[in-house]
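In the two complexes below, chain A is the common chain; its partner is chain B in one and chain C in the other.
Let's turn to the complex of A and B:
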């Protein structure tokens, strides 16, 4: 009985926290406009009359993009920290925070998306091998 | 290669030719704003477009898995639980409590939702760079206020007949949940009682038909109208001539009286 009461209280707390969160969603305007999110949701067959769920999807996508971008920023800063030669370059470092494909592909790889560029393409499987080991 | 992330309009933007390009361009603006808020000053064009594409795919994948969760539960509209399950599926890096996901049967306590709520409270709002035109409210189609039409929506044309009344089917061989074949359902059976005779002989007219006759100008000429021929409507024949189609012998006086009565009407 006590356990049920405790779980009931816990559920009430969670429900109130969740309803507060959903209410706060209406105050928060996501970076992705609602109409755009509705377009993509309709394209995928998502039907929901509740606006808060649409905001939730927008916030989830924004969080995902922000995480990927911040990971790429970490990669960019780590690369620049390794290349410091003069003190003048430290000041130039702040101006050159550029999102490159290199950093982006590394950060997306952690999230399961493979956008790596191939270094080179060869016309033969044996290209680049030691000539002694090539089978002719 | 490098595009400035400032809010000045770029000269390299092209006008969208179709819906996908249009939505993609808008998403690109939003994604670039998010990247700017994270700390980037500039970006390669290809990197920005790749990130935008990944964001759209993420959105669509969230929606699709949420829809499949709700469809698996016999629902067409998704709710918060479907969305939470979809978020769990989409998380690649894992979240707290992922190993004991269904132990306490409480999906709403998920740490994914807690992370999202922390993100909302900690991150400042990013207003969209370009002004958004709000969609004008469509004018409600006025449905005629007839009793039958109030029930069905505007998607059914006016000239279609109303739905038949549902007649309770009282056969003894019924399933537990009331399931039955569509052909035996009450809505189909209700239709059959109206045109039952027509369905006996589909497309064929009755063999025995009364001959239709009428007089022109009340004079001596009597014109006989064949029962079923449409082309040769008027043919002068005498009553005494035998006609193979009609089994019953024709009595001329009675026919005249019949014709007279018809003309009165």
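Let's turn to the complex of A and C:
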């Protein structure tokens, strides 16, 4: 009985947390506009008159983008650090952090999305092979 | 090398998939994709990037669009699975969990986890708390635009009775009976060759007369009303536009055939005398129309009684009488048609008459060209 009561209380807490969360969603304006999200949700068949759900999807998407972008940033910074290590004379050669296809593909690979580009030319017998096998 | 072979085949398949146009890359989706690009660029900037490659931005925006689409699809599926048509927050959170399951999230393996207590929701709450508010750079209208259905176009909208029980009332209304009444009468007659030819001739003549009548009426009116005619519905709109811009001239009304003019037979001698009847200012074509009408009146009369050659359904009208062109030396520049000699004022008037003519045709334009070129070529020796 107690357990049930406790779980009931927990459920109520969860529900209230969720409703608070939905309420807080309306305060936050996501970077991805509502109209865009609505368009693609409508395309997929998602029907909901509630604006909060649209916001929820928008915020979740923004979070995804932020994660991917920050991973790519890590890769970019790591590469710049490696470059600086090799050539000490050129101090902070490139402060510009640019999102390149290379970094993006590496970070997206961790999320299960494969956007690796084929190499244009093969200058090495190991070109085109998996990166894991390439390190051999 | 077996592994290498497999790898190549997979990449080939992937590249084939990419080359097929996906629903997110179609032309109709350009606007949404562009907005997505802007939004994602803003997010990347907030993360710390100062720039990005075009291809990287496009790829990322494409992926994000697919992400939204798959969240919606999954949420809709979950809602349908629960027997609902509209999705609710639990469906969405479950969809997000499903998308995030590849990477894994805390508590994903729990069998008794509650959707309301989801880690995903908590992560999002944390994200909202930490991240700054990034308003979107542009004001986005609702899209795709839903065009209002013009109710007045249908028979039902116009309040007309459909002429026949087999015609539903939601179809658009019929055009003016004048435009197709002649054809109907032709269709009722017998199909013998001689009568067919006669009726064809009669029909064509009638059409010519009608179009000539329109021409005459148009010229007879004042310049303020110029451009308008009996063309059913187009008159008001075309009036102002056709006077100001030749490209906005109203199209031919349905059923009206253009008057096809063969190259005009020039008289043996072209008078180079300046014979300006009316000093006409640049924009006003009032006096011009009257003078042109007078000029062409004999020609028009000739046309109605003139020869009518039928050539595979087309008609050629040969002017019986010669047409006199007044060639003057003016100083006005002709903006719209660069090939016109700017020094010929009357030519301009005539050209403007052609320009404002609603029955303009390719052949007519060619005829003008030939005419102008011949006049210019004849003028050149005098100019030298």
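What we mean here is this: the second predicted complex is superposed on the first by the 109 of 136 C-alpha atoms of A that agree within 3 Å, B and C clash if a C-alpha of one lies under 4 Å from a C-alpha of the other, contacts with A are read in each partner's own complex, and residues count from 1 in each chain.
Operating definition for what follows: a residue touches a chain if its C-beta (ideal position, glycine included) is under 8 Å from a C-beta of that chain, and two chains touch if they have at least 3 such contacts.
Model, not experiment: these values are computed from the prediction.
Partners chain B and chain C, brought together by superposition on chain A, clash.
Of the two partner chains placed by superposition, chain B and chain C are both touched by A:69. Contact with both chain B and chain C is seen for A:40 once the two complexes are overlaid on the shared chain. Residue contacts after overlaying the shared chain place A:118 against chain C, while chain B stays out of touching range. Once both structures are laid onto chain A, the chain B stretch out of 59-67, 203-211 or 239-247 that overlaps chain C is 59-67.
Common to the chain B and chain C interfaces on chain A are residues 11, 14-15, 17-18, 21, 24-25, 28-33, 35-37, 39-41, 43-50, 53, 56-57, 59-66, 68-70, 72-73, 96-101, 103-104, 108, 110-113, 115. Per the touch definition, chain A reaches chain B in the complex via residues 11, 14-15, 17-18, 21, 24-25, 28-33, 35-37, 39-41, 43-50, 53, 56-57, 59-66, 68-70, 72-73, 95-101, 103-104, 108, 110-113, 115.
Per the touch definition, chain B reaches chain A in the complex via residues 2, 23, 26-27, 30-31, 33-35, 37-44, 46-48, 50-51, 54-56, 58-60, 62-64, 66-67, 76-80, 83, 87, 92-93, 106, 108-109, 113, 115-117, 119-121, 123, 125-128, 132, 135. Touching chain C in their complex are the following residues of chain A: 10-11, 14-15, 17-18, 21-22, 24-25, 28-33, 35-37, 39-50, 52-53, 56-57, 59-66, 68-70, 72-73, 76, 96-101, 103-104, 108, 110-115, 118, 128-130, 133.
Against chain A, in their complex, chain C makes its touches with residues 3-4, 7-8, 11, 14-15, 23, 32, 35-36, 39-40, 42-44, 46-53, 55-57, 59-60, 63-65, 67-73, 75-76, 85-89, 92-93, 96, 102-103, 114, 116-117, 120-121, 123-125, 127-128, 131, 133-136, 140-144.
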